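Here come two complexes built around chain A, the first alongside chain B, the second alongside chain C.
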Partner chain A sequence: MKRVYPREEVCIGCRLCEVHCKVEHSRSKDVVKAFKREQSVARVRVQENGPLSFALQCRHCPEPYCVYSCLTGAMHRDPGSGVVKHDPDRCVGCWTCVLVCPFGVLVRDVANHRIGPKCDLCPDRAVPACVANCPNEALVYAEEA
Partner chain B sequence: MPKYVIIGNSAGGIGAVEAIRQVDSEGPIAIVSDEPYPAYSRPMISEYLSGETSLERMLFRPRDFYRANGVDTIFGKKVSGIDTKESLVKFANGDTLRYEKLLVATGGVPFVPKTEGGDREGVFTFTTLRDANLISSKLENARSAVVIGGGLIGISVTQALVKRDIDVTIVELKDRILNVLLDEEASRIAGQAVLKAGVKIVTNSTVKQITGQPFAEQAVRSVILDNGDEVRCDLVVMAIGVMPRLDAVADSGIKANRGIVVDRYMTTSVPNVYACGDVAEAYDYVLGINRLTPIWPNAYIGGRIAGFNMAGLETEYAGGTAMNSMNYFGLAIVSAGLVTADGQPDCETLYHLNSETNVYRKVILRDGRIVGMAFVNDIDKSGIVYGLMRDGIDVGSFKRALIGDDFALISLPKDLRKERFGISLDSPLYGDQEDLVEELVLE
Partner chain C sequence: MLKTYLPARFIVERNASRCIQCQVCVRQCGFDVHYYDEEDDEVRARDERCVACHRCVVFCPTNALTIRKNPLDYRENFNWRGEAIEDIIKQSETGGILLTGMGNDKSYPIYWDKLVLNASQVTNPSIDPLREPMELRTYLGRRPDKVEVDWETGKLNTRLTPLVPLEVPVMFSAISYGAISLNVHESLARAASEAGTLWNTGEGGLHKKLYKYGSNTIVQVASGRFGVHPGYLDAARVVEIKIGQGAKPGIGGHLPGEKVSAEVAATRMIPMGTDALSPAPHHDIYSIEDLSQLIYALKEATNYTKPVSVKIAAVHNAAAIASGIVRAGADIVAIDGIRGATGAAPKIIRDNVGIPIELALASVDQRLREEGIRNQASVVVAGGIRNSADVVKAIALGADAVYIGTAALISIGCHVCQACYTGRCSWGIATTDSYLAKRINPDIASHRLVNLLRAWSHEIKEMLGGMGVNALESLRGNRLHLRGVGLTDTELEILGVRMAGS
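Here is the complex of A and B:
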């Protein structure tokens, strides 16, 4: 399956990927409303360490330990697309998936006792919003790297 | 006749069904359980007892799981034995079921020590939905409870009882709660949180007797501790631990020590019979030996490996280890592998403790590899550490970063980071800065 790969050598840390992710996953699809009214959450996050930066989101692992370890069945893999999905209604916030995610991408929504929104690879788009809108092509959507 | 028979309808059994169906879409599967309902999330019985979740939300898989996967369900029926010579599962009512491939995923049973008065009404265990229902029905007329055992089951039932406004006293044999899973520091932080919730903890203590009401002998009145102290209570929960549930394999010829012994393909000593989960002694990659690690994820993954092998796709079990995430009393704690380096030669312990915020991070290394870890309150990046431990990665060159405040994937050396992204060395995505500058200039 296609996955998003970061090119850290050309990432300038502008965080436009985060902005476009928030907008894409908002109801309004409007940047101002997404930020101000909906408090839409970015599912991709830029990491920085001095001059180095790259964007990271769920890797949709071929062996998704989060799915294998989920106590409730909330974390699951779509059999058709291979996308790792999370059903917040079935999540109780045990954080077992946090312990087994080798990329540390899952975010705890402590107040609501569940995992926060995660990358869904933008099911309504041919290319995920973070990749399509990266100004420096620092994210690549490809079968393999 | 089913090709695949699975005894046990929980994490291991479901893991096996899903793996079998990835390989063999048609071979008939039968799943057997003495519980009368579809698979549910056993660890969620705490949320169920506290009233925070419903039965519907406890279902481990969607309602149509069995039909969609072509699984014949034999629920509410108890297995009495296995005839491995004739390849037959025998039921208590005399029925039999022939198998080609059999998975024993019978799980565990609570360990209940013989205690005077232990047969009174109001003495419970806490591992099944039935237990949760029995306790729940008792709570209307109850104000206080004694929980015997300060391990994971004890703490989870305590949290549920506290949420139901019950006064709880935990009686713990050792000198601290969660002592099997956590080191002294993490255990101390957990203990503080439990006490803050109004729970009493009595350590270095056991219950020697459960007394009855003067005019209703069968009803619980109190427990008497080994030092003679009496603790009044309306109910008692025995939460000492679980043991492999071996009754089905007795006299079957299937080799068992404390649990059923399986190889790296989850095969037992008897051909065509597999085992996984709490009933099995499977490979632990940290200790390098087979042992019981009765936790949900290991049961699912072990069942998955068993399922592949049962369906003819030879797959090796990478192994599992003790691994737990605890989210009780407002604390987030994860731990995996060795709890302490005490008594372990050649081990090195690195830790960070902020005694104001109770943020605690610890890793135990041996020969540059992680063999144990514990994170308290700041657990968000613990998965990266766990992944490095599981994959046996040499972390010697950046070991200090593992316990740092800003540890993240970006803290890993570049080659390792790329490898974990699945970017190969000869990939065009593996350029260094100069190559890319050149490429951009040429354009």
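Here is the complex of A and C:
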């Protein structure tokens, strides 16, 4: 399956991927409204240490520990596409997935007692928003890196 | 600390109804203009630091930013204009030479804009380059005075000299590694290889990683001799002796120690963190005869397989100097005009020393023709070439090819803010800072450079076709295809061009 791969050697840490992820996952899909009115959350986060940076989002592992460890089946792998998805209605906020994720991708949503939204590879788009809007081609959407 | 009397040059306008406090501008500015006030959840700007490079404007996802010139007016005075006043303020605060970057920004006449091209009408047919072949290939190097053939055996008696083909008569100017990042060097090298032209290392040596692009590389031997060793010469297609630079004729160079990182140091063959000083003259060249010795030393070192170029700044006696350079054995004479750019130069030199390239080119070509030695060297011109029409006009004036530096950098992001000398380039070009240098992705930048050359090639072919010429060779030095507008008799005479209408 196609996944999003970061190229840390050209990631410039601008965080426009975060901005466009928020917009894509907002109701309005309008950048100003997404930030000013909606509580949209980015599903990608740029990791940074000096000049080293890269965008991190769910790796959609072929062997997803988060899915295996989920108590309720909220975290599941779409059998057709292979995309690892999260159903917030079934999530009880045990955060086991947060503990087992080898990439540290999943975050807690303490207020709602569940996990925060995770990358869904933008089902409505041919290319995920973070990849399409990266100004330095530091994210690639491909079968393999 | 001394209170500065300098007002901000630009004002950063932020449209509050659009700003989403995403802080992309904060992270992108190389000059720390934008900052985020956490307490007020607001991004603000320190206007006085803004150089108008527009990185934030281009990257702002909501188009919330505008950079405006500070409308602060001085009392009108033609002599004491803002720039003159501010330069004095800066110097009285620092006591130093004012540095700047890029090329001369003063209003000296741009002769390209006073030259117009011809086109065919009725009496000779124009050519459609999309339907008929159109030749842009150019060969750089020395041509023999005559060709001798042994008619008995059919063999050539004339010893041929190395010629270098260019698919497009536009090369990338010398910009050293250290002045620009390795990513920019790689982008230029890759683009030149793809487009079939040459790029120039500048005087900072050639990074190991780029040796594979050697067949499209001009390597420079400058007064500091940085990075010059047998492998460097062997890797190249052309070796260029840098005598001078259009932005700073008669002046040496100085790469501050902070920019001499481990990689720069290894490439320049100097200790890390030491200042890289290029002397103003070559300490072994005090005459044409001395120059000839270096030219032949380099030819010997490369076994006469590569043309040797000599680059000079366009100065008052350019024609006589060029004649001497050709007679000294150079295969290419490169001339850099007063609008030639730099990573750092004293502002007073950049803005006042040298002559416009158009006049230098016309007089050099004329002089070499009169002396019957024009065939012995190719003439390459540089310094402020902005578009394909400038290239065509240069070729009609007698150039074999041109160098572009600023135009190439603009194609990969440069907004000509003239702050190269600070090393804080927000576009990641004129810097060796590893955080900023990542901003140039060689995949993207080389593609943009190739696009620029492709676009210019198409335009050059259209202009040639219009003139009814199907090969660039046929236009070279053909000044009858040029006419002057708004020029004095003396200017027309030096350019060797007739007045429009005549």
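We take it that the second predicted complex is superposed on the first by the 145 of 145 C-alpha atoms of A that agree within 3 Å, B and C clash if a C-alpha of one lies under 4 Å from a C-alpha of the other, contacts with A are read in each partner's own complex, and residues count from 1 in each chain.
Assume a contact is a pair of C-beta atoms (placed from the backbone, for glycine too) under 8 Å apart; a residue touches a chain by one contact, two chains touch by 3 or more.
Remember, predicted model here, so these are calculated numbers, not experimental data.
Colleague: Which of the two partners, first being chain B and second being chain C, lies in contact with A:V19: first, second, both, or neither?
Modeller: A:V19: touches chain C, not chain B.
Colleague: Between chain B and chain C, which one contacts more residues of chain A in the superposed model?
Modeller: Between chain B and chain C, B touches the greater number of residues in chain A.
Colleague: In the superposed arrangement, does A:F103 touch chain B (first), chain C (second), both or neither?
Modeller: A:F103 contacts chain B only, not chain C.
Colleague: Name the contact category of A:D78: first (chain B only), second (chain C only), both, or neither.
Modeller: neither
Colleague: Per the contact definition in the header, classify A:E9: touching chain B only (first), chain C only (second), both, or neither.
Modeller: Both partners.
Colleague: Using the superposition on A, tell me which residues of chain A are in contact with chain B and, in the other complex, with chain C.
Modeller: 9-10
Colleague: Help me check something: in the complex, which residues belonging to chain B touch chain A?
Modeller: Those residues of chain B that touch chain A are 15, 41, 43-44, 47, 52-53, 57-61, 296-297, 300-301, 304, 323-325, 327, 332, 334, 336, 379-384, 386-388, 390-391, 408-411, 420-424, 427, 429-433, 435-436.
Colleague: Taking the complex as given, what residues does chain A use to touch chain C?
Modeller: So the residues of chain A touching chain C come out as 9-16, 18-20, 31-32, 34-36, 50-51, 135-138.
Colleague: Under the definition above, what is the set of chain A residues touching chain B in their complex?
Modeller: 3, 5-7, 9-10, 47-49, 52-54, 56, 59, 65, 68-69, 71-73, 89-90, 92-104, 106-108, 110, 113, 140, 144-145
Colleague: Where on chain C does chain A make contact in their complex?
Modeller: Where chain C meets chain A, its residues are 17-18, 20-24, 27-28, 59, 61-62, 428, 433-435, 438-439, 441, 443-444.
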